[in-house]
Amino acid sequence: MTNWLPTLITKTPEEGYELAVKLSRIAVKLTQPDAEMREKLRPAYAENADSLIASSQVVATHFATVAAANNYWLESS
Amino acid sequence: MTNWLPTLITKTPEEGYELAVKLSRIAVKLTQPDAEMREKLRPAYAENADSLIASSQVVATHFATVAAANNYWLESS
Amino acid sequence: MTNWLPTLITKTPEEGYELAVKLSRIAVKLTQPDAEMREKLRPAYAENADSLIASSQVVATHFATVAAANNYWLESS
Amino acid sequence: MTNWLPTLITKTPEEGYELAVKLSRIAVKLTQPDAEMREKLRPAYAENADSLIASSQVVATHFATVAAANNYWLESS
Amino acid sequence: MTNWLPTLITKTPEEGYELAVKLSRIAVKLTQPDAEMREKLRPAYAENADSLIASSQVVATHFATVAAANNYWLESS
Amino acid sequence: MTNWLPTLITKTPEEGYELAVKLSRIAVKLTQPDAEMREKLRPAYAENADSLIASSQVVATHFATVAAANNYWLESS
């Protein structure tokens, strides 16, 4: 996973949101490096409302960081 | 989902809140892209007090970001 | 629900706290618009310690936002 | 509950922490105004490890707000 | 518990982290003042993965506050 | 565990993320110092979707702190 995060700067808010999603998923990969096991767990959260909400919470926390890093994309908006 | 988030800037706090709700839901869509499955899961959280509270927590986190981006709408208030 | 949030500015910290409570509840209303269903769910959280704590967490997150918007009411204290 | 929060400013970090605890509890009171019911729920969380941790999380969120309001008590330390 | 928190300033990041752990535990003590009961609850969280993660979340929230108070120890690093 | 956190400053965002992961794990070690017990608990969270999401949440909170400490690595990006 070398160089997966060269910068927190993105051109647009959408790209910033996508980066937040990526940041959320990397932690899962680091704790459970076995891709097959992660795939096995996928239905357990993608089909569970509470897990989806919890995932969304992680994204929200990372999005706050990415948005601040980009000064809320004020210059480009 | 191209261009669903052109800016974090909104005219009013209400619109900022609505954007926070939207930001909360997008993460769910990205994790569970199947609209039918999401519809199926809907009662599981819309009729469950704890899920509603957890959803509200995600909105609160995004609202903090949107409010900061808008400098708390101080100029327009 | 038009114009339910004209501003984040409040005269006192207490009013700021009340606004945080309101902000917490609006997200629940938006996810579960059926007032009767919400009323039905009320005992499920108002009589459950963990739900009360989770609700308090949402209020805390919104209060942080409202307090920052008001520069912590430093001028009025 | 008039005037229960005249200011976020406290003389010391300890008093700030106590205020954070107070802020955590008020939300519970507002959601469950019945004191007898709250007393009944007390063992459910005071004797449950996960509830105690969740309570501590709410206090942490409020303490962040109170600490920022007091500029981390830098002048008095 | 007088004077348990004279300042948020610490000499090093490690000491700041230790302070964050302390801040997390004090809230538990205030909600469950009975030391014997706390000792009884200890295995319930120290041997439960989810409780350990939740505890770590509280520490993370307090560490954010302590780190900000110390301006991230930039001067001493 | 002396000197495990000499600084919050990292050269790159990736290293900052790794530090956030480390910060998340230290709290678990401090609450459950028995390495054998931690090893025993590992499957309980590494094979549980909700635990993985909760772990990712802790990392997100620490990453916010580390990113702020590094001023979002703006100078090096």
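Think of it as A, B, C, D, E and F in the order they're written, each chain with its own count starting at 1.
Rule of thumb we're sticking to: contacts are C-beta pairs under 8 Å (C-beta built on N, C-alpha and C of every residue); 3 or more make two chains touch, one makes a residue touch a chain.
What you see is a predicted model; the values in this text were computed from it and never measured.
By the touch criterion stated at the start, how many steps lie between subunit B and subunit E on the shortest route?
3
With centres defined as the mean of C-alpha atoms, identify the chain lying farthest from subunit E.
B
Does the subunit B and subunit C pair touch with the same residues on each side or with different residues, judged by whether over half of the numbers are shared?
At the contact between subunit B and subunit C, which are copies of one sequence, the residues are largely different (under half shared).
Counting only C-alpha atoms to place each centre, which chain is farthest from subunit D?
Comparing chain centres, A lies farthest from subunit D.
From the C-alpha centre of subunit B to that of subunit F, how far is it in Å?
So the centre of subunit B lies 27 Å away from the centre of subunit F.
Let me have the rounded angstrom distance from the C-alpha centre of subunit E over to the C-alpha centre of subunit F, please.
That gives a centre separation of 15 Å.
By residue number and range, which residues of subunit E touch two or more other chains?
45, 48, 50, 54-55, 57, 61, 64, 68
Chain adjacency by touch: line, ring, star, complete or other shape?
Its topology is that of a ring.
Applying the stated contact rule, could you write out the chains in ring order, opening with subunit A and then subunit F?
With subunit A as the starting chain and subunit F following, the sequence is A, F, E, D, C, B.
Going by the contact rule at the top, pick out the subunit E residues touching subunit D in the complex.
1-9, 23-28, 30-32, 37, 41-42, 44-45, 48, 50-51, 54-55, 57-58, 61-62, 64-65, 68-69
Going by the contact rule set out above, which residues of subunit A touch subunit B in the complex?
Per the touch definition, subunit A meets subunit B at residues 12-14, 17, 21, 45-50, 52-57, 59-61, 63-64, 67-68, 72-74, 77.
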